[in-house]
Amino acid sequence: MILTLSCPDRHGIVAAVSAFLLQRDANISDAQQFGDASSATFFMRVVFEPADGDALAAIHHAFSPLAERFTMHWTLRGPEPRKVMILTSRFDHCLADLLYRWRIDELPMEVTAVVSNHPREMIGHVDLGDLPFHHLPVSAADKPAQEAELLRLIEQTGTELVVLARYMQILSDDLSRRLEGRCINIHHSFLPGFKGARPYHQAHARGVKVIGATAHYVTPDLDEGPIIEQDVERISHRDTPEDLIRKGRDIERRVLARAVRRHIEDRVLLHGTKTVVFED
Amino acid sequence: MILTLSCPDRHGIVAAVSAFLLQRDANISDAQQFGDASSATFFMRVVFEPADGDALAAIHHAFSPLAERFTMHWTLRGPEPRKVMILTSRFDHCLADLLYRWRIDELPMEVTAVVSNHPREMIGHVDLGDLPFHHLPVSAADKPAQEAELLRLIEQTGTELVVLARYMQILSDDLSRRLEGRCINIHHSFLPGFKGARPYHQAHARGVKVIGATAHYVTPDLDEGPIIEQDVERISHRDTPEDLIRKGRDIERRVLARAVRRHIEDRVLLHGTKTVVFED
Amino acid sequence: MILTLSCPDRHGIVAAVSAFLLQRDANISDAQQFGDASSATFFMRVVFEPADGDALAAIHHAFSPLAERFTMHWTLRGPEPRKVMILTSRFDHCLADLLYRWRIDELPMEVTAVVSNHPREMIGHVDLGDLPFHHLPVSAADKPAQEAELLRLIEQTGTELVVLARYMQILSDDLSRRLEGRCINIHHSFLPGFKGARPYHQAHARGVKVIGATAHYVTPDLDEGPIIEQDVERISHRDTPEDLIRKGRDIERRVLARAVRRHIEDRVLLHGTKTVVFED
Amino acid sequence: MILTLSCPDRHGIVAAVSAFLLQRDANISDAQQFGDASSATFFMRVVFEPADGDALAAIHHAFSPLAERFTMHWTLRGPEPRKVMILTSRFDHCLADLLYRWRIDELPMEVTAVVSNHPREMIGHVDLGDLPFHHLPVSAADKPAQEAELLRLIEQTGTELVVLARYMQILSDDLSRRLEGRCINIHHSFLPGFKGARPYHQAHARGVKVIGATAHYVTPDLDEGPIIEQDVERISHRDTPEDLIRKGRDIERRVLARAVRRHIEDRVLLHGTKTVVFED
């Protein structure tokens, strides 16, 4: 099981949590913590094996008073794979990559659906197999209706994480807010440089020597959500915008895969407009 | 000798240049070229050993008609070290690094002077030895006068390159223009992210996962000059702004040293607001 | 068309080649060259548009005397995609990656066949579509027979490049020699560290802080062939051998894809036991 | 204060340590732990502010029974800077770098002495200031005597860490053993590739595409000591052995500086032939 928590920093948090687990005869296999001095906030992630027969519900119930005492935001989850919905558009390299990693058991998730604003035939380079596919075309007029349908799908399938895998639509403020902390986008630039559209063309025009990609949680504030992961590649004057797009695909897919992996392993804790990421 | 040139791209440039050098019995030891398709501009750098007794002035004279025929911007330089002036302020890590590299003969340059807006005693961590030092304090009132003095020093010493090694003053538009293409600044951010002041604090506030530094030519348009070199380091939520400043020092000094090295080896050719960098 | 050449370094090579192309009214769009001082060998790659109606055979014929004069090893190829055969075993991440890149037109190649020592059902995570698949099981007894069959397939299909995409069989000395310079292997270590079997377990046991992968041409001398490309990732004490294998997959596939891309774009020139790689 | 410990992994270690600190009213500002599954060993590093007036000796005394109960290897240190001796030879870039970082207060250490097998005049590019310098020339005949003198200096000055900053002498087995876990060497290769002498020439001859450097603890087994830190740079066919040496200097100095920093901040715990490094 994985316990994550954040709370105002004060004496005794680790002592209390570890005493709690010891008392229930749970075996800690990994623990990481971080105290942010500037905000006086404490963050912790503990992986433990409960004692034989000790159920999640019981542990949850027993931990609640302690959590309340320290005013914790906290989660406690079992080993079952997270339910993940993937949204995509015309470019399917991130989708293909996530599905491949899932198929070889690299990403412990259950894919609840693949959703696109384009019809299934547009997903030309990846085999969806038996995965549920939903075509939700988006136009200015029916955007609210389509988002309602999307939200219905998310709820109906019990989706815990929505991944925008080069999904070229901007979520409404309302939907962004409803999915706070459980919707990851991959932006094809090294934020905060080159926000907005066509970042590789912007990068080429500016003549930068390094390009990157950014995985972040979606918020109403476009391209300003908490950053989970970033990575870069060197480029040169020889690279055309098309070369940047090609090189960028490699960065995008590995950055997004890392972010998804860390999220579903409960390694990412929100910290205001930032994140605490307990690395694997 | 090193020949660099840029001109409108058309047939026969390489053939003409190589025939010219062959005819003079010069031996090409390195040559790199680049044709930028979008602007139809051609760039070339050739390192060659002239025939015995063939002087730079003679080659220069002989090459001129060819250069004119192709409307070239071009330079031809001998092996003598470039004359470099280093400007610094309170932080001397870039200055110390450049001087160390110069002392062990890694940077083929002649240091014409070290200039600071702080007195010599402020340069506390690096031995200036016998290098000429000039204290040019800058205030709003006397900035024009001090810049005039700086320009006089540059001209008097025959300085070919001015390096702003964490020099915390902004050059006037006029001086920036006069030093176009021969004044390199190190900006302590991964431009175009975090322009302006206190970029490490901005980076910390935004929660990015990678920081960087940028060496660029100075232009009147602050932080928008042609980029020569950039590099980055991964950071984490554990890093305070002070940690970013510390990690940034390492990036800054190596990025600036690479940019200076490439400039004095005539590897950097201006291409509008961008650069062509023929890597070593 | 792409011309590559290597020859003893002496005056006039570039002049001769560029004059040749100018005279045929060919337009050079890219050219890179390199003179290796220690071996006095010259390398060049030229991309050019021939004049209208000028055919490859004619250019080839006309260039031959010049090539002879300079004792060149040389190739001249047209724009048609290279014919590539991919060999794989139980791990299909490199295969899946190459096929995806091919399907989105990132790799300009024609896949002549996929070959495995395991049956088709073992390729569980990638859709082979209509690609010819050949199951060539290998045992000590029938290895010569199977290699003969493999060679027959290579010749029959006109395969120009054989890619060992985590193919877990060692080619015989004889076959290695026959495929010299046109068979690329991906080794899952940062050679020359951790040669041989189970390199990630070796890396874990040694406690290194960085792991890597190496793409190289196959030679009879196992794991000693000319290196085309290498890349690395940082790891930590937290990583188990299984984590290294997972992280390694990402390095392997991108290193192999880069090597294949550079080979089929004629960017890799052999230089004894080393390579000259003209980067894109 | 900083507490580090390693011990056989079992239930209750974190609970016991955190309860101990809570009881003494100490405030934990940072804590990292790691359980190595394969060896069933637990590692921990805790930074804490003791309660007002609680002295190191008292805490040490009080913690001993707990440490004994869990069979811990452990250290407890106060905030005073570590005493560090730097050994160097002809190449002074690592020495210069360490001293610069120390002078700007980046490395919290006290330099007890600089020692070289060359006379002081050989240290040509760095200002030693008032630092004690000892010239200990080494020849086959007097090596035992010189090592005895070195050991005397180490003991006399209370040196806690010996840094071999490109010190080109091999310590005897006996001295290596005496300095176990407190003597760091920088090897100018990406170990385990290119052990032994002239690694950059070996790397050039092998044609690798990436070079590196390795900081490790010294053991009698040459170039096989526990690795603390490694880093790399890309190179190309253009690089001569001299270029590799130049590029290598940058890698060496930053790898060594990171290793020294982590050691003196008690972030490096020995784990047999490997290390656990709690990153900053």
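Which chain is which? They are A, B, C and D, in the order written, and residues in each are numbered from 1.
Note that in this section a contact is a pair of C-beta atoms (placed from the backbone, for glycine too) under 8 Å apart; a residue touches a chain by one contact, two chains touch by 3 or more.
All values derive from a computational prediction rather than experimental measurement.
**Student:** Across the interfaces A-C and A-B, which one involves more C-beta pairs in contact?
**Tutor:** Output for the comparison: A-B.
**Student:** So which chain is the furthest away from subunit D, centre to centre on CA atoms?
**Tutor:** The most distant chain relative to subunit D turns out to be C.
**Student:** Rounded to the nearest whole Å, what is the centre-to-centre distance of subunit A and subunit B, using the mean of the C-alpha atoms as each centre?
**Tutor:** Computed value for the inter-centroid distance: 41 Å.
**Student:** Averaging over Cα atoms per chain, report the distance between subunit A and subunit C in Å.
**Tutor:** Taking the mean C-alpha position of each chain, the two centres sit 36 Å apart.
**Student:** Of all the residues in subunit B, which ones touch at least 2 other chains?
**Tutor:** In subunit B, the residues touching two or more other chains are 34, 37, 236, 238, 279.
**Student:** Going by the contact rule set out above, which residues of subunit B touch subunit D in the complex?
**Tutor:** Interface residues on subunit B, with respect to subunit D: 93, 96, 100, 103-104, 106, 124-127, 236, 238, 243, 246, 249-250, 254, 279-280.
**Student:** Report the residues of subunit C in contact with subunit B in the complex, numbered from low to high.
**Tutor:** 11-12, 14-15, 18-19, 21-22, 25, 27-35, 37
**Student:** Show which residues of subunit A lie in contact with subunit B when the two form their complex.
**Tutor:** By the definition above, subunit A touches subunit B via 34, 36-38, 190-194, 206-210, 212, 226-232, 236-238, 240, 271, 273-277, 279.
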